[in-house]
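To keep things simple, chains are lettered A, B, C and D as they appear, and every chain counts its residues starting from 1.
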Amino acid sequence: MQHFESDYLEGAHPLILKRLMETNMEKTPGYGCDAYCESAKSKIREACNCEHAEIHFLVGGTQTNATVIKALLRPYEGVLAADTGHISTHEAGAIEAGGHKVLTLPQTLGKINAEAAERYIELFFKDANHDHMVRPGMIYISHPTEYGTLYTKNELERLNQVCKKYKIPLFLDGARLGYGLMAKQTDVTLEVIAKNCDVFYIGGTKVGALFGEAVVITKPDLTNHFFTMIKQQGALLAKGRLLGIQFDTLFTDQLYFDISRHAIEMAEKLKQGFALKGYEFYFESPTNQQFIVLNNAKMAQLSEKVSFGFWETLDDEHTVVRFATSWATKATDIDALFELI
Amino acid sequence: MQHFESDYLEGAHPLILKRLMETNMEKTPGYGCDAYCESAKSKIREACNCEHAEIHFLVGGTQTNATVIKALLRPYEGVLAADTGHISTHEAGAIEAGGHKVLTLPQTLGKINAEAAERYIELFFKDANHDHMVRPGMIYISHPTEYGTLYTKNELERLNQVCKKYKIPLFLDGARLGYGLMAKQTDVTLEVIAKNCDVFYIGGTKVGALFGEAVVITKPDLTNHFFTMIKQQGALLAKGRLLGIQFDTLFTDQLYFDISRHAIEMAEKLKQGFALKGYEFYFESPTNQQFIVLNNAKMAQLSEKVSFGFWETLDDEHTVVRFATSWATKATDIDALFELI
Amino acid sequence: MQHFESDYLEGAHPLILKRLMETNMEKTPGYGCDAYCESAKSKIREACNCEHAEIHFLVGGTQTNATVIKALLRPYEGVLAADTGHISTHEAGAIEAGGHKVLTLPQTLGKINAEAAERYIELFFKDANHDHMVRPGMIYISHPTEYGTLYTKNELERLNQVCKKYKIPLFLDGARLGYGLMAKQTDVTLEVIAKNCDVFYIGGTKVGALFGEAVVITKPDLTNHFFTMIKQQGALLAKGRLLGIQFDTLFTDQLYFDISRHAIEMAEKLKQGFALKGYEFYFESPTNQQFIVLNNAKMAQLSEKVSFGFWETLDDEHTVVRFATSWATKATDIDALFELI
Amino acid sequence: MQHFESDYLEGAHPLILKRLMETNMEKTPGYGCDAYCESAKSKIREACNCEHAEIHFLVGGTQTNATVIKALLRPYEGVLAADTGHISTHEAGAIEAGGHKVLTLPQTLGKINAEAAERYIELFFKDANHDHMVRPGMIYISHPTEYGTLYTKNELERLNQVCKKYKIPLFLDGARLGYGLMAKQTDVTLEVIAKNCDVFYIGGTKVGALFGEAVVITKPDLTNHFFTMIKQQGALLAKGRLLGIQFDTLFTDQLYFDISRHAIEMAEKLKQGFALKGYEFYFESPTNQQFIVLNNAKMAQLSEKVSFGFWETLDDEHTVVRFATSWATKATDIDALFELI
């Protein structure tokens, strides 16, 4: 049985485990007030070329989204997102549990565009009843999106312009950010993201860490007492250094980028394999997630030999499934897969 | 200037004010524990032919929706509603402020249908990730809808069947219920509603009262401590008898129904007037709200002589506007309108 | 049977009902955008000598407290209040339902003092773990308190100074404000309150209106989109003019003050009556609520002839009960009471 | 510099890291649906002698408390806790952020007693206004308490009886449970806890794990869809096996108990050392946290050589500080400490 159902099947990159082992019996202050966190923050600031950025480490993606959104919005505001955005669908209502509406925009390949967002906001202000409605208070995007697709630099800049025009922040969910940054042909770098987003996070859970997401607030006066918000949301790790050590390792000697690039190469190999075998892609994805359309009989048959992710029901006879590579995928895994099927 | 912008332009039906005057200096216990509330409840139970119904009086519609939904749902559940439903659009995020997602269904003329609701629920259960998603925990409909349209008895029964099948309650927002019940050709009576809905409310604010909504819980074991929920939501009126007196009056000698029928007759007269003048209706509405498509130049011109409600932007050149009649509309108002335009 | 259990036993002052009758069939815009609301706001601004105040009309006290507190606090903040404060005890958890902790201070006769509040805040900042704790984000007081007692001008000024020092707002719950303003020997006027509080409300429900509370925000840049917050909290009355008309009447020709003074005179008469009969007061109250200690046998006996409010269990054999006068209490009611007992 | 400021200074017990290393490249399903979690659950069920218990693994204490409490309470309910309870003080308002009031009871040495809890509930029901108040919906205790003290078996049984009488659950926060179970002279075993509590959690973060808390629901029909609640609260770890592996290791060959016993022995040694040097204990603690009263000059002097935890300001001249041992404390650390001071 080969496994391609997600990019969080394994533990952590061996260098991370090594650092955790080496530092295990050191005594450090809790809650992120340790030297490893400081070092990691400093390296991330440098990688983003954003020296005044405020950085916080949280454990997982849903809690990061919920904490950032609750910290940034006022009670009368909601967050604009693609209707396929993670916060719209697979976070069990965490944003609403925090009191905020997710205002959905239609998407194309998982992306929203600046024009649609602006139109939404304009219509809101033109609506004579808008004081009875939830105000759009920020824009949320994911990059890569839930469909593995990527924004271009120009698209991010235009979203940034819309946000500036209406004085609302742009928040980028980077749960799989590494795989986006290392995609071929993308012009979006960490620096581009730091320049265009008010807040974003660099995903660790799916990119080499045991767990962990690094929130980067590029405009430090955007929020107050974010630490207390993290605590209130149950997102504060007692042994905060576990996050510091992981991100410090990932941002030493380009590890984060190198392992991400490897996952992209594995995705390319996977793509070629499926293409050769005549499988139908749901669409072209430049990152580590590949979506394939299977008829249900084929799906049943295939699932005896390889495990993949259910994505969505396409029609009564077809299902979209996901194959994901990661930092941990080996070329031999892919060879083995195509021998099996 | 003639006024047709809403059905809450005036105070209350004169008989209600008369009762408030007559009883003004009586001393009664607060919070709805008075004889007027008891009498009103008893009359409503009879009108619904539902003798065991639990009845509560609240002040306004948004607070009623928020209180009912918060009382009925568990934190992991959301409420299914039309994407044009009042709770989806014009309640300033009150449902989300209470922690719950509004799960929207596409609508036709403001209505959802049982098949679409069932399909949504089925897809939810078929989704391998549904434990990461908001569970559909109730169905919300408005009758009349925000577009003035009506469900048929059969449509309500089918919604009821879907709710029963999945063991979730059906909640009907009756902010304008009287105008629905008295529409011509409807087969939906109060008794039909009480039989098919787990909870609904009978709107007073827009149908003859100064304010007030009567919540009818047809299955009394559906919820506990609803009184405390009302208090917590800030929806408990200290002088509860004001609500009791109003609903007691409305449900004495068929007043609620008679004044509703009058509004329907006025709406018919309005419709004929517009039709004669060649105005374009957005669609056919059988109740007291009529939606007309105007080009924007015409709208500007018309708005000097008559006030109407903005509904929605149709395209760059056209706007949908609303004309509403009510228990208080006089035939001479309509005559005057058509002399003006 | 004589009734003294609360100050909301009757409807409204006859002048208010008269105005409601006279204006009943007028057509006005909804949600408080009418001329009566404007007029009432203008009169209240004048009475407060605070021309730039932002004023909103809500229906009841709990919803007003919940809305103001949610609008003013950030998610990491709580509200300091007496442990006997209405928000701490009798609002069914409305403040917590809005996400905020009520941080309680010990009280003396229902009042907190500036020193205790400052000590709390100082201890908070000295606590090495304060980033793990709820930040004190505003001070809430009631005037009169739940025990009928009053702050002095000096006490309000000192609370104001503490609030200024820590840059948090002072919020005064004036559900019974009229009875406080007209108490004998108080030096606290509306103007004093407007000068010392960032937000307060002038209670109508218990002081002559059918219902209604006028929120006065003395620093208009304190909050944004308060209207939307009112809507979200379910506290927006469709026929907003009902509130405008009531407050306009109350603030015409000093009506609010005159009827409040009457209630105070009735309270004095009641006090004298009880004192003459040898009843024990729980403490001296200068306003319309009088608290008397009864042994439980006496209480049972008395309750056959007069209805009063349960206040609290003092010990196994004694109960504190409340007698309230109001704008509506007649001297003959009190005479009748003392003939009975 | 010697470190005794907390029991989460180091990483994890070496056996845990070893297991994480060994299993690192295995591919497992996410979100706790792996064999390690199953195995750990099975061992915990056995250790509790509670074969039908439902078990979930979460990351940290605050999120566990918030998730359990939100899952168990209805919106009109609050949670009874000591006013020194962790949820009352150091969780940044997480419980209130979830909509629930913490109803505080006075404590003795961090403990509440069944009589006080019952009195509170009785007074609630006797209060004529209790429908306007937050209903006590569960009892929360911590064991060991925040002061390091322990309930006796008899005290737990009496709390259980009160809970049963009023049909509310008893929830035990066991963030430091191991240190409680291994204290000398305690008669409270895991089995006693499982028998008397409806829900409790076994703390890993402070007892040998990198992080992690095991929630044990002893009455499986107590709650529904707890998994979705965990997800909504942002408390679901993608690589759930990290928790499974850690708890599986801790509950293999009594590791959890052995390392806890070690911490207790170290605490005894620390106690003797301080006693010999004439230090004043704030009170007698049988577990791994020791509280010492220092005058502030002494505290400043001491803090140059050893780091300890600030606990609370006792008076202007004295502070209570905390020294904590843990599974990781070495006897030589303590010797070194007493050489320094």
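Criterion: contacts are C-beta pairs under 8 Å (C-beta built on N, C-alpha and C of every residue); 3 or more make two chains touch, one makes a residue touch a chain.
The UniProt protein names, listed by chain, are A, B, C, D = Low specificity L-threonine aldolase.
Since the structure is predicted, the reported quantities are computational estimates derived from the model, not experimental observations.
Trainee: Stepping chain to touching chain, what's the minimum from chain B to chain C?
Mentor: Counted as steps through touching chains, the separation is 1.
Trainee: Tell me which of A-B and A-C has more C-beta pairs in contact.
Mentor: The comparison resolves to A-B.
Trainee: Averaged over CA atoms, how far is the centre of chain A from the centre of chain D? Could you give it in whole Å?
Mentor: One centre to the other, that is 33 Å.
Trainee: Could you please state the distance in Å, as a whole number, between where the Cα atoms of chain A are centred and where those of chain C are centred?
Mentor: One centre to the other, that is 49 Å.
Trainee: Using Cα averages as centroids, what's the distance between chain A and chain B in whole Å?
Mentor: Taking the average C-alpha coordinate of chain A and of chain B, the gap between them is 41 Å.
Trainee: Could you say which residues in chain B touch two or more other chains, in rising order?
Mentor: Touching at least two other chains: 75-76, 91-93, 97, 99, 131-133, 228-229, 231-232.
Trainee: What residues of chain C sit close enough to touch chain D in their complex?
Mentor: Per the touch definition, chain C meets chain D at residues 75-76, 78, 89-93, 96-97, 99-102, 123, 126-129, 131-134, 309-310, 312-313.
Trainee: Going by the contact rule at the top, pick out the chain D residues touching chain A in the complex.
Mentor: Contact set of chain D toward chain A: 3, 5-6, 8-12, 14, 17, 20-21, 23-30, 59-64, 66-67, 91-94, 97-98, 205-206, 210-211, 228-229, 231-239, 242, 328.
Trainee: Which part of chain B faces chain D closely enough to touch in the complex?
Mentor: Contact set of chain B toward chain D: 70-71, 74-76, 99, 131-133, 135, 224-225, 227-229, 231-232.
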